[in-house]
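The letters A, B, C and D name the chains in turn, as written, and every chain counts its residues from 1.
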Amino acid sequence: MPDTSFDHLWSAIGQQWPSYVAYVTSFWTIGGLWIVHHGIFRRMRNADYTVLLMNLVLLMVVAFLPFPTKLMADALYSTGEHAAVLFYGATLFVISMTVTAIGRYAAAHPELVPEGAARDEVRDIAAQTTPSLGFYGVVIALAFLAPKVAAFGYLAISIIAVLPRPTRFAPHRGGG
Amino acid sequence: MPDTSFDHLWSAIGQQWPSYVAYVTSFWTIGGLWIVHHGIFRRMRNADYTVLLMNLVLLMVVAFLPFPTKLMADALYSTGEHAAVLFYGATLFVISMTVTAIGRYAAAHPELVPEGAARDEVRDIAAQTTPSLGFYGVVIALAFLAPKVAAFGYLAISIIAVLPRPTRFAPHRGGG
Amino acid sequence: MPDTSFDHLWSAIGQQWPSYVAYVTSFWTIGGLWIVHHGIFRRMRNADYTVLLMNLVLLMVVAFLPFPTKLMADALYSTGEHAAVLFYGATLFVISMTVTAIGRYAAAHPELVPEGAARDEVRDIAAQTTPSLGFYGVVIALAFLAPKVAAFGYLAISIIAVLPRPTRFAPHRGGG
Amino acid sequence: MPDTSFDHLWSAIGQQWPSYVAYVTSFWTIGGLWIVHHGIFRRMRNADYTVLLMNLVLLMVVAFLPFPTKLMADALYSTGEHAAVLFYGATLFVISMTVTAIGRYAAAHPELVPEGAARDEVRDIAAQTTPSLGFYGVVIALAFLAPKVAAFGYLAISIIAVLPRPTRFAPHRGGG
């Protein structure tokens, strides 16, 4: 029974790989950073206005992410992919940087994380997201030369970022 | 007063049955699995990184579901329905399988579900979702022969899956 | 400075009254029923599988509501408004009926609401939503004769439904 | 490798500034008011039916905001911008006014905020949002003369509104 229309839809689904790559990358990047974010915030006992504003900025850029995601997916089918892949990568970079900044800020302020051991863990968690920032720099540069490769580079960064790291997730003894 | 435009819209509403079937199936499948998921997680006392990642995968595929739902609904009106019904069924299968995998993993790890009785219940709950996996196999095969019948098959699976089963829902004595 | 394009957009905003009426009606109906729903559930100490399934049905129809809302709004601009206004009213009726059914079921099952006083309050709350069901019957019948009037009838029902009623909201002494 | 299609998409991204301005303004206005709203509600010990209804109105207008946001963004590209910028400003004004009204109402009702010190803080918080109402009046008037300037005026109000103010955020001693 597989007929022409069958083949047609099937190959149409297959040709949509840029949408799948873009969707999975965005989802997985946010998922990984959500684990990091959660790891930071459950060690905080208080928040100050700076943390609140950084959190609002983070939420705003995350809520904006579907726009460059769709832009890149559309561009990978057709033209203008250099700009779209750059723009998408820059958005991911800003999101990662904001999460890292919140972690570093929290680790540096004992009034937010009073316990010394928890503060060390927050510092560790923030340190674990720093390599991603460097990787984004490399992949964004690559977007000028090979935008399709760069799109898979963002996906690779999102997968590497969730490789198990004990500290980030381990419930620290002081609470949970 | 019922005039031609009335009849027109009325029959237009009626002709949208593929959208209704697809929407109800997706909603009811997720609703049933949410009960299962909730039944598993409230018996867990701790989570580990593997559970967290399986949960992220689940969330990603659930968030993706509206896409194959719409694809199947559109295809049932017109052409290419074989591929669309297959693709939709495969997505439902992956979702069910992920929930089952989380349940089996939790039942096998005493550090996640320390209480023996609760662990037995989690094993029961996970066992109750296993038949659905077989049903999906049958209905997906049917999609090659009779895609419209298969679409109703997915609906039937979603309804069978929420037929009352005491264990899954019963608040176990150890907590709630 | 008000020029033609200004007048144009201004009158375009004005001509969108069906969208505003439909949006406000849907929002306000759900808002009012959410208060009722919350009033019922915070008096419940346990839930059973029937309540869970009724709740899933409620969630499904509420999630579906934007579709008939848009259908009615579009039809009020053009043609086919009889069918669209009927269909919209039927959806609101099913939502109201489901909330009422949950309340009646809870009031009739002491294992769900063990306290007698709380059970009386749940019965009161469910009784307060019953008139809406009759109003919907009248307005849906009116949709055959005067669909535009019926559209405002649904809005009136949604506003009447949130007129202050002490029981529904009052935190009952047994908890909160 | 930067070619014409690259320049094209890049300048297309740049030309979308009205969308970015509108999106950031809406997000930041809601973010700032959410902080105010949260500051009011965590000092309240009870809610009454009036607060509940004001909250529903607030939620309705906030849920409606994406519509005038898109309307203004589209109009800034083309024509009819006077009406769209006015309409958008009026929506922001209603949202700010509702939050302020909730704060004033709570500060005036000891049964909602029993503690005197917390009541003074709620009064302070509500007083801090009052200048925004005046600013909106000025910028909405400006929309008749220079709609593009007014669009940036709304953005300025949203930024000024989140400038650190100790009272609003400080966890008051009585609880949290």
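FYI, a residue touches a chain if its C-beta (ideal position, glycine included) is under 8 Å from a C-beta of that chain, and two chains touch if they have at least 3 such contacts.
From a predicted model like this one, the values you see are computed outputs, not experimental measurements.
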{"item": "Copies chain B and chain C - rotation angle from C-alpha fit, nearest 5 degrees", "value": "90"}
{"item": "Same or different contact residues where chain D meets its copy chain C, judged by the half mark", "value": "different"}
{"item": "Whole-Å separation of chain centres (CA-atom averages), chain A against chain D", "value": "28"}
{"item": "Distance between chain centroids, defined by C-alpha means - chain B, chain D (Å)", "value": "39"}
{"item": "Chain B: positions in contact with at least two other chains", "value": "none"}
{"item": "Pairs of chains found to touch, sorted by chain label", "value": "A-B, A-D, B-C, C-D"}
{"item": "Complex contacts: residues of chain B adjacent to chain A", "value": "46, 48-49, 52-53, 56, 59-60, 63-64, 71, 75, 79-80, 82-84, 87, 144-145"}
{"item": "Chain A-touching residues of chain D, taken from the complex the two chains share", "value": "1-3, 5-6, 8-10, 12-13, 23-24, 27-28, 31, 35, 162, 164, 169, 171"}
